[in-house]
Amino acid sequence: MSINVIPQITRERILELAGKGRRIDGRFLYQYRPIRIERGLIKKADGSAQVSIGSTKVLVGVKIETGEPFPDTPDQGVLMVNAELVPLASPVFEPGPPNEDALELARVVDRGLRESKCLRFEDLCINPGRKVFVVFVDIYVLDYDGNLFDASALASIAALMDTKMKPHRIEAGEVLWLEGEPSPLNLQHYPVSITIAKAGGALFVDPSLEEEQSVDALLTITMDEQNRLCAIQKGPGSFTSEEVFKSVQIAKEVSNYLRESLK
Amino acid sequence: MSINVIPQITRERILELAGKGRRIDGRFLYQYRPIRIERGLIKKADGSAQVSIGSTKVLVGVKIETGEPFPDTPDQGVLMVNAELVPLASPVFEPGPPNEDALELARVVDRGLRESKCLRFEDLCINPGRKVFVVFVDIYVLDYDGNLFDASALASIAALMDTKMKPHRIEAGEVLWLEGEPSPLNLQHYPVSITIAKAGGALFVDPSLEEEQSVDALLTITMDEQNRLCAIQKGPGSFTSEEVFKSVQIAKEVSNYLRESLK
Amino acid sequence: MSINVIPQITRERILELAGKGRRIDGRFLYQYRPIRIERGLIKKADGSAQVSIGSTKVLVGVKIETGEPFPDTPDQGVLMVNAELVPLASPVFEPGPPNEDALELARVVDRGLRESKCLRFEDLCINPGRKVFVVFVDIYVLDYDGNLFDASALASIAALMDTKMKPHRIEAGEVLWLEGEPSPLNLQHYPVSITIAKAGGALFVDPSLEEEQSVDALLTITMDEQNRLCAIQKGPGSFTSEEVFKSVQIAKEVSNYLRESLK
Amino acid sequence: MGYRRIDGRAPDELRPIKMALGVLDKADGSAYVEQGGTKVLVAVYGPREVHPRHLASPEGSIIRCRYHMAPFSTQERKNPAPSRREIELSKVIRQALTPAMFLELYPRTTIDIFAEVLQADGGTRCACVTACSLALADAGIPLKGLVASCAAGKYQDQIMLDLNDVEDKGCQADLPVAWLSTTGEITLLQLNGLLTEDEFREALSLALKGCRQIYEIQRETLMNYYMAPAKELVSEVGQEGSK
Amino acid sequence: MGYRRIDGRAPDELRPIKMALGVLDKADGSAYVEQGGTKVLVAVYGPREVHPRHLASPEGSIIRCRYHMAPFSTQERKNPAPSRREIELSKVIRQALTPAMFLELYPRTTIDIFAEVLQADGGTRCACVTACSLALADAGIPLKGLVASCAAGKYQDQIMLDLNDVEDKGCQADLPVAWLSTTGEITLLQLNGLLTEDEFREALSLALKGCRQIYEIQRETLMNYYMAPAKELVSEVGQEGSK
Amino acid sequence: MGYRRIDGRAPDELRPIKMALGVLDKADGSAYVEQGGTKVLVAVYGPREVHPRHLASPEGSIIRCRYHMAPFSTQERKNPAPSRREIELSKVIRQALTPAMFLELYPRTTIDIFAEVLQADGGTRCACVTACSLALADAGIPLKGLVASCAAGKYQDQIMLDLNDVEDKGCQADLPVAWLSTTGEITLLQLNGLLTEDEFREALSLALKGCRQIYEIQRETLMNYYMAPAKELVSEVGQEGSK
């Protein structure tokens, strides 16, 4: 993500077009690239979803295991979000432990899921202070053509919607697994992320890779289905407060469209 | 192991001689360099052996401690094989955590010991699912002049043959140490490794360092005393299936010689 | 600490002056730079002290938590000394895990505190073999102008003198916290470090950074208030045994002055 | 008199703030900021050569930034190895400062910014941004303006400024903001928590108000420093001064 | 009808196989292979410049290969840090591919091969070799031939082809093999388990038979791809097609 | 007959010592030292090129030294990753050897010294220094003199020479010393434990006496080696010879 691979002429063209309310690939300012969601590809996971936004492709797998609660929330389940910028996704990704970009991605998606309270963490307790369900959300970036935040957030909530747990009862601090069909997690909310780029004085959504590397500033807003803000992350650059408020308006409009794609 | 330090002329000579059934150091094709085995050098270990094959020198120490079993074999002891390519052994070895060569070496020796069932793992259980004996086999490469697989496998089985445990009884999931002399481990099988090189159309055993870096392909076969195959690892290069079958024949012949050296 | 940033001419001047019993900053041979000790700066720590020796500045925080004892001292508390050469302190410090200089610093301070028996470790046991108090001494180097050993040792003992524990009783292997004011740790001894440099045939104390990088040899002696030696660490260079004995005499003289500064 | 907070402050009131410049000897620039119980120290090195060299850019300086917490800065001892949170905040702080800098001035160099949290009592990333901006000025690195930073948040259903540690740990939402003095633009913006759109508007406006107050203290600190550039000069601004 | 396996296959029968080429946008070459429940994705980058430079060789391209399992690919979540097993298999896969390549063509470059196991249901290293060979072809890197890979094994005293996860976990021996189409030579050979010499001969022959069948599917996939190079074209070969 | 120690030695008596040179084939120089139950092996490589290059110095050779313990060398298996203790001792040993070397002879090179403890029975750092000095000589690297090393200590209120493992673990103080033969200067000095000034004087003198005895064995070993340079020649020096 650090190497500038965009020719100067393309960058100038992107800025110039934005000033006229247009995009280099012909999209409208508030238009996403085509979105495709496939669920249940990974049978070994408890839930999974692959999301493409244009050429950007993210696979998320959910695993539910048991483990220890955090000391400050002893009676709540644990959410663990991890992101891997797998080197097959881009010539600039390298093997190795998650770098700052991967950690930021995981943490912003985590905040959206956690703060929206989409999971009922209190239902995931087995034995207070000792044993709870741990929900692992593993974000696997397979093809990187920009806007990883929105694709990862969308794939994460889609994978959670796909997640099923085998029937069980909690008795005396232990899980008793019962007969029967797995049933889906009980989701309370549906947060989605909207990334807004600023260029040539204009704001637009879903920047592609060449847009991301050309624009003046980036802002990611995560919103639930009641238009409550549950996470914000400014990327590079700066915004006036008017631009921030306008971005929230754009996010409100566009989030419904993204949430539609989940159905 | 990655740096080519062999002059081109030596490489050509090795290939040319092999085509005529000869070796650069005058050995026959199926002849090992002189083998020397010393046991019990390390009193602080429960068993130890130093094996030299020509200038290649490997020291193996065995330690038996208690620990947790693997979840999928709760009632069996644990074998842990680790290999260190200690930087004093070669100008191309570097300090640091085990690299892919060291890991491969440890894993191939591990497979030979494990699959041959030379140890009775069920006898090493103390408290099923909780506490078992852990047998650490630490391979320490001291001088690297080729054929680490065979030297390490030989030193490992020799060190296990040298290993003694203090008399003990297992009672109520705990070890009770008794008075008396230590007694040797009860070994069931005696796997040895035979490494075969392919060069100039010929197959020969125990490649030296300069041979290793000149030949077309390498194959390591581990065999027990009943001529059963318990591990194979092809290295660089390729073999026809006829060459593979012939290599198995060579290994059968030579393995008895190696096993003799253990007596 | 490895980059030589001192011009040759300064180095020569330092050596030449030392031969005449003088210092480049006008100090006497056995004179420290101004020492300043501030305690209690960090309220979140159980004890803290910031020590300046000239421009060298070290902040030490003490935290007391519970943990497991070492296997060989099951009924004693644990002392953990850690040193961070924080990159803001010097252009030659780099972010990352402690390097050999940081580890040596921590271990030499550790030895001074441990061997002087300044803490009553037997009083820090909660449940023998299972739970004890762990005293973390974290050395944070903020400005590096030479003589980190003495500044760190002084800041560590000063921070321990500043350390308070909430009133508690130990009952049935657990800590019961009581009402009331925190009370200071019960210190038995007051070890201080004296670093002696050798240059141009002379010995002097408290080398500044430019002196450290110019002198022939360095020696750090830690002494308690009864003039017992509790740790020695020779740095670069060599000493005759006469020079070592003379250094001990110097340390005896100077240590009282350092210990005065703690009052 | 309206709602009073656990430490007696009004909802729109900053904690007492102290700032100091040039507090370190070896760094090219340094600054210390205290905001309530939060204490941070920042050093700047550079522009200087980049190692390893392939990171250098012919188009300008690169900025490297490390946000790090001392092991004794928190209630429970913090492991000194950088946590995931510290790595994220290092990036966020770098991005908060970059819009204020003229990177093209120093091609093939690096400017290294090291921010250490000595005591964490809420609002550490904001205090670091505020201090970084001062340390850059102290290092003589030209800036488009000062960056001042402050958080607003929602605690017990009330939007309030500059949360302390107790408020931070129990808060419903935390909104750290940084503001570039000359353009008034926002260079850091994060939200952690749940806010309606109206609450967000209120919180952002409040945070920006706080940033402007902090900027005034920065300016005063700089002026005092350059007029009387003695070491460890501290501009103390108590509850009165911060309004 | 003879012995039938837990999934209904005959002992010498492959699982259903799907292959696809050019499935990734950013990679120079890519391929996807599904073999029963095993799903792997491979990308190839290169020939490209080597960093750090001292790894480059004037005599030819270096090959770097990473075999890696997604955390959600296994029954228990897998830690994403490379395990000892993954590091060994990365080397073994690299050595399985190298004999098929003309390394001297691209001095001072690297060819990077990234193989990701998305779902592990037995035979993942073999599926990766099969996919790597396709991805190299897709990247336009000249090959001496395709490398096809398949394992045989011994399960319940029976030698059989292409073990699935259940068979793999309970097997007495596992013999993964890779085969270079143009020379018929074996480029990967490992044995994990105990086999008599006769059993070994039988298993190796069976594995090579499987490799040849897989090669036919590779060839068909490539032909379809080059005749109609639409993205995400998939050659599905079910139980019938794999015999 | 005076005080006798647990192994029957007098307080000022060394343990039996064996030394050998040129014991490794690939190293430029090597040596093996056995002192009681302590067994160490040292290899020297260099002067050779430095990687990475920016570590090289135009003013002379750099010295890199690694002290490392084999996992089976200690009572409890030792994790092979370098411990904090091993990293400190690596530095201390390097500093014990450097005063004996002419670094300016080989600008832009490195001399790498690898010391492996095969069995740890007290006094390992000293045995390593003794062996390093021999291995440097064996590598043909010019030295100002040999460095001989030995510890004294206080055990059961008695000052004694060359502590074994039992004495070491129970000792009140441990004082490892190294001594440069030509100048008589001390190149390694550490104290771990509590000593009065008088005890310190006594212990240091005793340790230096031990160093001189060890130097005699070093010299004898070298002379034998150069007169009859057969591999694996070992100068055995038992209890008698070490007095």
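Note that the chains are named A, B, C, D, E and F in the order they appear, and that numbering of residues resets to 1 at the start of each chain.
One rule holds for everything that comes next: contacts are C-beta pairs under 8 Å (C-beta built on N, C-alpha and C of every residue); 3 or more make two chains touch, one makes a residue touch a chain.
None of these values were measured; they are calculated from a predicted model.
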| item | value |
| --- | --- |
| Partner chains that subunit A and subunit B have in common | E |
| Longest centre-to-centre distance from subunit E, chain (CA-based) | C |
| Distance-maximising chain from subunit B - centres being C-alpha averages | D |
| Distance from subunit F to subunit B - Cα centre to Cα centre, in angstrom | 32 |
| Rounded Å distance, subunit D centre to subunit E centre (Cα mean) | 52 |
| Distance from subunit C to subunit B - Cα centre to Cα centre, in angstrom | 48 |
| Separation of subunit C from subunit E, taking each centre as the mean of its C-alpha atoms, in whole Å | 58 |
| Shared interface positions of subunit A, touching two or more other chains | none |
| Multi-chain contact sites of subunit E, meaning residues that touch two or more partners | none |
| In the complex with subunit E, residue positions of subunit B that touch it | 100-101, 103-104, 106-107, 111, 115-117, 219, 224, 227-241, 244-245, 248, 252 |
| Complex interface listing, subunit E residues touching subunit B | 84-85, 87-88, 90-92, 95, 98-99, 173, 175, 180, 183-197, 200-201, 204-205, 208 |
| Partner subunit B, residues of subunit F touching it in the complex | 24-27, 30, 37, 39, 41-43, 45, 48, 66, 68, 70-77, 80-82, 112, 114, 116, 118-121 |
| Subunit E-touching residues of subunit A, taken from the complex the two chains share | 41-45, 48, 55, 57, 59, 61-63, 65, 82, 84, 86-91, 95, 97, 136, 138, 140, 142-145 |
